[in-house]
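Each of the two complexes below includes chain A, the first together with chain B, the second together with chain C.
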Partner chain A sequence: MTAGSLNQRSRVGEWLLFYTLSVIGALVLSAILVEATGGDWRPVVSALLDGSLRRPGRWGETLGTAAPMLLVAIGTIISSKAGLINIGQEGQLFVGAAFATYFGFLIGGPGPINVVFILIFGAIGGALWAGVAALLKYWRGVPEVLSTLLLVSVGGQVVAYGLSKTWILLAPLADRGNRNQVSTQLAKNNRLPRPEIFGNEVPFAVLIGVILAVIVSLALSRTVWGFKLRMLGRNPRAAQRSGVAQTRYGAGALMLSGGFAGLAGAAMLAGGGFAFGNYQLVPGFATNIGWTGLLVALVAREKALVAIPVAFVFAGLRTGSSFVGATGVEGRITDVIQGLLVLALLIPPAVMFIRDRKRAEALATDRV
Partner chain B sequence: MSGFLQAIGDILSSESTYINGALFAAFLAFAATGEWVAERAGTLNISVEGMLLSGAFTSAVGYDITESVAIALVLGMVGGLIVAVVQAEMSHRLTADQFVVGLTLNILVFGLAGFLDNELEPSTKLAERWAIPLLSDLPLVGRALFDQRWPFYTLYPLIVFTWWLVFRTRWGLELRSVGENPQSADVSGIDVNKRRRQSIYYAGATSGLGGAFLVFGQVGLFEDSIVGGRGFIAIAAVIFGGWTLRGTIAGCVIFAGALSFRLSIQGLGYEVNSELLQSLPFLVTLIGMAIFAHRVRAPTALAQPFVRGLK
Partner chain C sequence: MSSGSLDKAGAGSSEPVPAVVFRNITKTFGAVTACDGVDLAIQRGRIHGILGENGAGKSTLMKMLIGLVLPDQGSIEVDGTVRQIRSPQAAASIGIGMVHQHFSLVEPLTVWENVALGESGKLDPAAVRNRIGDVADRYGLAIEPDARVGDLTAGLRQRVEIIKCLRRDPNIVIFDEPTSVLTPEESVQLFASLRQVVAAEDRAVVLVSHKLDEVLHATDEITIMRHGRVVDHLDAGSADAPTLARGMVGREVSLRSERAALGVLDAADISEHTSSSVASDEPPVLQIQNATAKGLGGVTLLNDFSLDLRAGEIVGVAGVEGNGQRELGDLLSSLLSLHSGSVLLDGTRVPDGKSGAMARAGIGVIPEDRHDSGIVLDMTLAENLVLVDQSSVSRRGMIDGSALKDLAESMIDEFDIQCSGPDAPMWSLSGGNQQRVVLARELSQSPKVLVAAQPTRGLDVGAIEYMSQRIGAAAAAGVAVLLISSELEEILDLSHRIVVMHSGRVVGEMPRSDADLETLGLLMGGVVA
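Let's turn to the complex of A and B:
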């Protein structure tokens, strides 16, 4: 009994040690890269902190950027629990935002109710776009890794087409001035509220994201549905034999994950703010939020609650990057830091897995 | 309708369609050939995109320093290999999920290439054009296949060599066995994960060469959007081709046809909606896979990690 708890404690220690070492390793590598290209890493760190937290209004901005990333990540966690690799969130988000725009204006109900409709249609749009990949997978056997990804480009172009035709998404001439390919701005009462807290505007989407993270986390760990999904992810054949229809649960998980990405798109549209334009749809609206949300999910390792702080860190890197340019170092260093961090965080669990197996093997040999 | 047929006829009889098509197909084929080897060994590394970009970048930097296209091509292979080593070590020594590693690598390489490109700004140019006598005079396809910049011609021996390697050497036999039945391969004394790592190195080298070809044989300069998602089309070509080398190359040609069609139809002055046209290669890839992915048999252990004692 004591031995067991001791073992447990040393395991936690090992985890902490491994994770700290990898994060430090990634940061040191990034610093070396900055130094090697003739920069200085200290002002870069300072600029990152200024841009993400310290300057007035910046942490609200970071929270606002984190919200859609978190939503995308939650969706990704659902599909990866079911053993599916959805990497098309960027497209699902954009298509979701387009659906939200189109139906938001089509229905045009009174203020708050229409905001709800916008969010719901965003989710539906994203789910349908992921549904195409689900259909291709379960009907035609196309791997979802590729189809979701190829659909990103297709989705981008389809929405861009919609934005070039007035009868679909393009704003009438009076509303867009000389600009091409923009939708009409959402009316004031069709936007998500942005209450001000301590001088920071905090978009309402943050609250939606956190609540959904809690719900999804509980649903995955405590409900029959979550159990079936996990079973499908761990061993599809066993799941099928015990009555979990692969097609239904798999397609459902994929569409749900697309739905979350679409919801993120709708929340960006209705949430507005400095980061996401002017409550209107333009080409390139998704601005890599889908990709970053996917990274958040990878780092959070299938835990929706862990995704909350991770999304905040990644959002901080993004909001901070706009301040890095002033230090003379290329702002895209934040992309590198992000990639290195994710890569570094993949190492500890893998190393632990191998160590555990080696130990188990040694134990087994002893017994023989 | 007759206008449409006329357009198709014009495109099919225009030499530039074939020249562009050959360039696109060659670029895809460099990556797809290596990826095919890796997939026959049971790994599905989606880091091909990153390998291509990395190869393109290191070759551009290499040329900037040495001013020799040949050395730049070799450095391109090294660039692809670096990504491959990270992918292979992490997914087939440390047993991290291969998709997750590949995806992360793609994003990391994209960031790194963008960052370093802005810092270093390597200057490059197109390689020399070599026309092969007689063959290049063939109608329609002559110039496309035999009057290209010289890095293009590395593709022909590469394909032959790859076929020989996989089907005529012991290494190739072991490689295929590892992709079909890793448990049996392991029992008969083959180091499964080592073979898989080697297959990924091979994919890295050919993709790196493909990236270098893109810079010196087709575009002439480096930018971070140069690959633009075509690494994934190369993976799709392998699946489309049913995991045979012939089929893979055929897939490259068909998908490249869609890319080239898009350029030609605008070049010949036909009015087609440009947004829809831009998504055409991706649509053709999706439709192609929807038709063929079902009918072919994948290597049995494709994308399944191997850990001794676990099945």
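Let's turn to the complex of A and C:
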């Protein structure tokens, strides 16, 4: 037993060491890159911190950016637990936001109730868009990796069409001035609250995201549903024998995953904030939140609670990057830093996984 | 045997130097001895059949010749020279070629492209096509060089494999179970061209097979292997099917009485066990009726398969592997949908291929390959114990962690599972202990039917004993047991009734008391008694 706990402790140490080395490596590489492009890494770091945390109102902005990333990541975690690779969140998010816009105005009830409806319809829209991929997979055997990805472009086109017709999404002429392809702005009482805390506006969506992360984390680890989903993801044939039907649980997980992306879209629409337009739907509304959410899930490695801080870090890189431009370094350098960080956070688990398996195999063959 | 090519080595001796001589070859994989002091000589100008059951060591022996496996001990002589064959390329360079049981063809490519694969240097399509034409003419292996391999039948694909092998002009050609994917007519054609290869060109041909008929009719001499040893060597002319069958499956070993003598089983258990001839007028628990299943490309996996199973009886399904046993297990695991036919449990039809239906109806399965459908390696031991039914450890959809832990601890105790605890990841357990987890789970569901497919494969002696006892005890407690095994001893040891499978159908059925090895061997070899 003591040997076991000792082993455990040395493993945690190993993990920490691995991650630290790996992240330091990525940061050093990023610094070299900044220097190589003619900048100085110190002001860049300073600008990143200013933009994401230090300047007035910035950490609220970062939280607001993190919220939809977190929602997308939670959905991704659900589908990947079931062994499905959904990489179409960007499209599901956009379609979800379009659903939220359309039905938000269609129902148009009194304030707070309508906000709830907007969020629900956003989730439904995302779920239906992912449902197309689920249908193709279980009816015709089209791999969901392909269909979800390709449906991003299709979704973009479909919503763009909606935005060109006043009877669908386009705002009436009086509301949009001479702008094309915009929806009507959500009425003030149809928006998510943004309470002010310590001089920062904190969007309500953050709370939704954190609560859902906790719920999903529990659901996956503690419920029979989560158990079955994990079984399906890890061994589909064992699941088939045990009564976990691919079609039902797999399609369900994929649609739920799309639902979370759609919810993220609705939350962006109703949540507002500097980054996400002005409570109205425009082309390019998704602004890569879907893709970044996918990265968050990748780094969090199927753990919904880990996705919370990861989403915050990635959101910080995004909000911080808008300040980097002032240092004379190309602001998009943060995209490269983000990429390096993702790699740095993915390498240690991969290495440990391979090593653990090798050890186990060696042990198993010894014992046979 | 008057060819000049032999004389270079065999100066002066009256006996021609054999093409290949294995001397005292031994090879072990872990605890398993695949080849155990094998001596074998392969002559030119003759077809040499090597007969044996699965795991008899015949494939391992041939893999040594082709450079895929290195022997632990012993030596291989090719044309009188001791050789260390370290790779298939090395084997090819000294004139040894093999036609594998499983095709290694690229389906979207054409025949000539497949033949040209693996050649080095500049690609000359015209030359390759000509070569194919030459080989095809010489051996009567007509084929269209520009046909796409994906469009060809199994027989023609094999033809491509053979041409691939023969175009290098090998002196020694090995065929590994060549007819397993062929129709009878295709087999006849194949053997005709084999004859051609041997007679006209004085090559040595080795035919590895478990089919009595083809070994008997297509070869000149026959070596029988069993448990890694050569047990007999005879001339095809003087052999007959019963002799071969006996040689292949071995003498009957009275394992049961041996165990009784060792005190592992007590006498009462034995008499009760063997005498419990289940009354045949009792209604069957499990009925499989005319089950037919087809695989990709219309291959028949199960062919009008019917079987009745009664409570408390153990029915052994014997047969050489690959004759539908895996599919039978899959069918009863809801992993296979039938083309026609049905499965009935207590007279009620259980839908085939419907997720979880068989398990819910009360069919427990110890699968042939536990990693395939028996366990989830990335879940914990405790979780693996409740894969099929979580009702005992959950309330209102929530899993009760402490109930799960208690259940796991009691199972670990009862089934003596060696592990670091209930939360140990399944992959950290050894094979034998993983098998115990499967057994524990399936038995704890109190099944009506227990399907045990190759339940003792890869286990050590103690674990085998344990497994056999558990299966016997389950039957004694009234479970109907279907024991699918390629180990004849295991079947004879445990079953009350034996059915033999061949080509996806039942070819014979007999009570244990009437079973004799010769009949079983003939049936397994596809010779209908």
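Methods note: the second predicted complex is superposed on the first by the 356 of 368 C-alpha atoms of A that agree within 3 Å, B and C clash if a C-alpha of one lies under 4 Å from a C-alpha of the other, contacts with A are read in each partner's own complex, and residues count from 1 in each chain.
FYI, contacts are C-beta pairs under 8 Å (C-beta built on N, C-alpha and C of every residue); 3 or more make two chains touch, one makes a residue touch a chain.
In this text, all values refer to a predicted model and were calculated from it rather than measured experimentally.
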- Message: Just to be sure I read the superposition right, which of the two partners does A:Val158 touch: chain B = first, chain C = second, or both, or neither?
- Response: first
- Please work out whether A:Ile354 is in contact with chain B alone, chain C alone, both, or neither, and reply first, second, both or neither. first
- Query: Counting only touches as set out at the top, which of chain B and chain C does A:Leu149 meet: first, second, both, neither?
  - Reply: first
- Query: Where does A:Ala238 make contact in the superposed view: on chain B (first), on chain C (second), on both, or on neither?
  - Reply: second
- Message: If we overlay the two complexes on their shared chain A, which of chain B and chain C does A:Ile77 touch? Say first, second, both or neither.
- Response: neither
- Touched partner set for A:Leu343, first chain B, second chain C, both or neither: first
- Task: Answer with first, second, both or neither: which of chain B and chain C does A:Leu169 touch in the superposed model?
- Result: neither
- A:Gln246 contacts which: chain B (first), chain C (second), both, neither? second
- Query: Looking at chain A, does chain C or chain B touch more of its residues?
  - Reply: B
- Note on the structure: The intersection of the chain A residues contacting chain B with those contacting chain C is 357
- Message: Residue numbers of chain A touching chain C in their complex, please.
- Response: 4, 222-225, 227, 230-231, 234-235, 237-246, 357, 360, 363-365, 367-368
- Within the complex, which stretch of chain C touches chain A? 30-31, 333-335, 355-360, 365, 372-379, 383, 387-388, 390, 394, 397-399, 401, 420, 427-432, 458, 460
- Message: If we count contacts the way the header does, which residues on chain A are in touch with chain B in the complex?
- Response: 33, 37-38, 85, 87, 136, 140-143, 145-147, 149-154, 156-158, 160-161, 164, 291, 294-295, 298, 330, 332-336, 338-340, 342-343, 346-347, 349-351, 353-354, 357
- State the interface residues of chain B toward chain A in the complex, per the touch definition above. 44, 46, 86, 90, 94-97, 99-101, 103-105, 107-112, 114-116, 118-120, 229, 232-233, 235-236, 239, 273, 275-276, 278-279, 282-283, 285-286, 289-291, 293-294, 307, 309
